[in-house]
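Below is one structure, written out as structure tokens; the observations come after it.
A, B, C, D, E and F are the chain letters, set down in written order, and residue numbers restart from 1 in every chain.
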Amino acid sequence: MFSLTVRGHMMIAHSLPDPFFGPAQSLHGATYVTEVTFSRPDLDEHGVVLDIGAATSYLEEVLGSLRYRNLDEHPDLLGMVTTTEAMARYVAEAVATRLQHAQPDHGIRQVHVVLRERPDAWAGYTLGCSDAGA
Amino acid sequence: MFSLTVRGHMMIAHSLPDPFFGPAQSLHGATYVTEVTFSRPDLDEHGVVLDIGAATSYLEEVLGSLRYRNLDEHPDLLGMVTTTEAMARYVAEAVATRLQHAQPDHGIRQVHVVLRERPDAWAGYTLGCSDAGA
Amino acid sequence: MFSLTVRGHMMIAHSLPDPFFGPAQSLHGATYVTEVTFSRPDLDEHGVVLDIGAATSYLEEVLGSLRYRNLDEHPDLLGMVTTTEAMARYVAEAVATRLQHAQPDHGIRQVHVVLRERPDAWAGYTLGCSDAGA
Amino acid sequence: MFSLTVRGHMMIAHSLPDPFFGPAQSLHGATYVTEVTFSRPDLDEHGVVLDIGAATSYLEEVLGSLRYRNLDEHPDLLGMVTTTEAMARYVAEAVATRLQHAQPDHGIRQVHVVLRERPDAWAGYTLGCSDAGA
Amino acid sequence: MFSLTVRGHMMIAHSLPDPFFGPAQSLHGATYVTEVTFSRPDLDEHGVVLDIGAATSYLEEVLGSLRYRNLDEHPDLLGMVTTTEAMARYVAEAVATRLQHAQPDHGIRQVHVVLRERPDAWAGYTLGCSDAGA
Amino acid sequence: MFSLTVRGHMMIAHSLPDPFFGPAQSLHGATYVTEVTFSRPDLDEHGVVLDIGAATSYLEEVLGSLRYRNLDEHPDLLGMVTTTEAMARYVAEAVATRLQHAQPDHGIRQVHVVLRERPDAWAGYTLGCSDAGA
């Protein structure tokens, strides 16, 4: 199995409105360093998993829609508790959607996202693309 | 699959009493930067893999029992060759035991531990929790 | 010259209400990974720059007063544009004040703070303690 | 499952002669920070995945044959487009071959290689050793 | 003293044609992770050392003129032995020239550049701007 | 001013026999990731601060004399409290002595050592070489 990872980041505000989260219930923020890994069993005709420029643009489009925002008021996230885990899934699905739309025959089998919220804690989500093209 | 990782460290002395280990047979030490990753297929009712405070406390309890110790004289490790690989398993099992005891219905399927002993070498152990609650 | 550095972090929300800051005018947030370096020309009677536990507690007290907060509403920061540079100075001065109060004879000549806001950007502030004890 | 990872690096020149690669068609270069992870379900008689000295020497032999070279003129790579993904496979296979030759009963089930080409991008390849000894 | 650092990178080929450099005499390459730190004694009217967008654009212009190039054939570097130290000076001077041209009243007193060529080695150059504006 | 930094590490055991150090009074250990920075105002005739191979060998000789040892029993350190700060000075002085012996006309003005003992704490020592050759 081959993989390609690209990394970006977003700086956002949010709150976690559930007593479970203690002090993180109040409005605070994070720099989410975001890694997306695309995997496939063989390389494409150019000898890559995916064009690295395209991979970066899919990630940057998603991060650009969240960056410098208060997630509590983001129209796509209304009613969602924006934990790091939940945001990892959101980013994975949004990146996979852009990939599927732009390159229906992409051959990617898995999209894995890691969101690093601080040096000592991070969360991830793995999205299978078993129905993907190729 | 979702994952949550927390990181800590311990500074310990030990020796590896087997000629196989060359100079590491003598008493020396290490800072083990320790990462524990908990995985599960879906999120709990709070939208997380595990309460990050609980995850940190399970790890810190285990690291606290080893930190600033000579592992050669640690009662839980008597007769064990404390290689990085073996210590990764020890930490994974000890963390999983604490998790299982404190939250029998935790839903975690896997506990993965990485012990980084220096910038250019690290070891890991993956523990399945297939019989775990939920 | 000797130095000791301890590192912590804080996750905060804020806005930068000046058209100069473009999209960062809106409410967003950051994980500020925060390093404080204490320097002095010789070591104390214990052979250290400063008790590492004390150094950590000074930093953690300051970070604890900011962590999980919206800096726009923090009483100590009213009217201040909380740029990374300005926050580096705030942390340096607050840490130095705690040090001076707890250990008037500390012998520290300089407190240097770095706030890392994302992998590709950080800011620092160096505070001289020329009038400090010792 | 246990794992052991060792890390090295190589500094090479190469070009990617396909219009698909845009500016990377011209002769340029990279520092490839290279991680090799060996995995097996149980530990050997010394309590390790593999002798860390042997693991390092397999990796260094492979990196040493590439380091300070122009990959476009390397006899082992003629006609190959040396993308990061392709080089990850080359390193994995070359390391596995050395392992297999030196220790036919190695018990390793998987060799995973990551090549980090810059802070924000890296590629990987996972090689199964299902037919390996033990 | 306040400082602001921005980071970028460039992937280049070059050779060091002097027997002193041993195997690095042959054509090889590097990923130079490049940090530029701007320092000044006080903040500007916006509460920053320098507009972070401008700082990034000065660095990116310089890196963009070198990226994906063979430095041995770069017109600005003819006859220069492109050691990491020498390239650190080149980048510092080129960034300072762009700063001086775009913002003659910049108030920056020092430009410090670090070029990281691999995890275990890096070089730096500090350029005083004592004659700079403000 | 130009600088060159090389990095290595050592894994050692030691104790800090002073009640001031709390739990670190007992025998424990550390991986000290060790960076040495050499500085000089101009480059030598090869366009470098120092031959990187020589710089690495000075550092490795010093680390090699400490690595896999119990510092409490090391003949060069008898009676010394081996705090991170004190070890930073020891390494700086030992590296500078080797440099001075091997290259009396080295032109280096300063040797700066950082010892990283864990991700969140490190110490440094700066040694002036004002009387050094050239």
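Definition applied: a contact is a pair of C-beta atoms (placed from the backbone, for glycine too) under 8 Å apart; a residue touches a chain by one contact, two chains touch by 3 or more.
In this text the structure is predicted, and so the values were computed from the model without any measurement.
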| item | value |
| --- | --- |
| Topological distance between chain D and chain E, in contact steps | 1 |
| Comparison of A-C and A-D (more C-beta pairs in contact) | A-C |
| Copies chain B and chain F touch via same or different residues, half shared test | same |
| Identity of the chain that, by mean CA position, is farthest from chain C | D |
| Of all other chains, the one whose Cα centre sits farthest from chain F | A |
| Same-interface partner of B-D, chosen from the options D-E, B-F or A-B, over half of the pairs matching | A-B |
| Whole-Å gap separating chain C and chain E, where each centre is the average of the chain's CA atoms | 27 |
| CA centroid of chain A to CA centroid of chain E, Å | 32 |
| Residues of chain D touching at least two other chains | 7, 119-120 |
| Of chain F, residues touching chain E in the complex | 1-8, 37, 43, 46-49, 51-53, 56 |
| Of chain B, residues touching chain F in the complex | 7, 9, 11-14, 23-24, 26-31, 33, 67-70, 117-120 |
| Touching residues (chain side chain F, partner chain C) in the complex | 18, 20-22, 81, 83-86, 88-89, 119-126 |
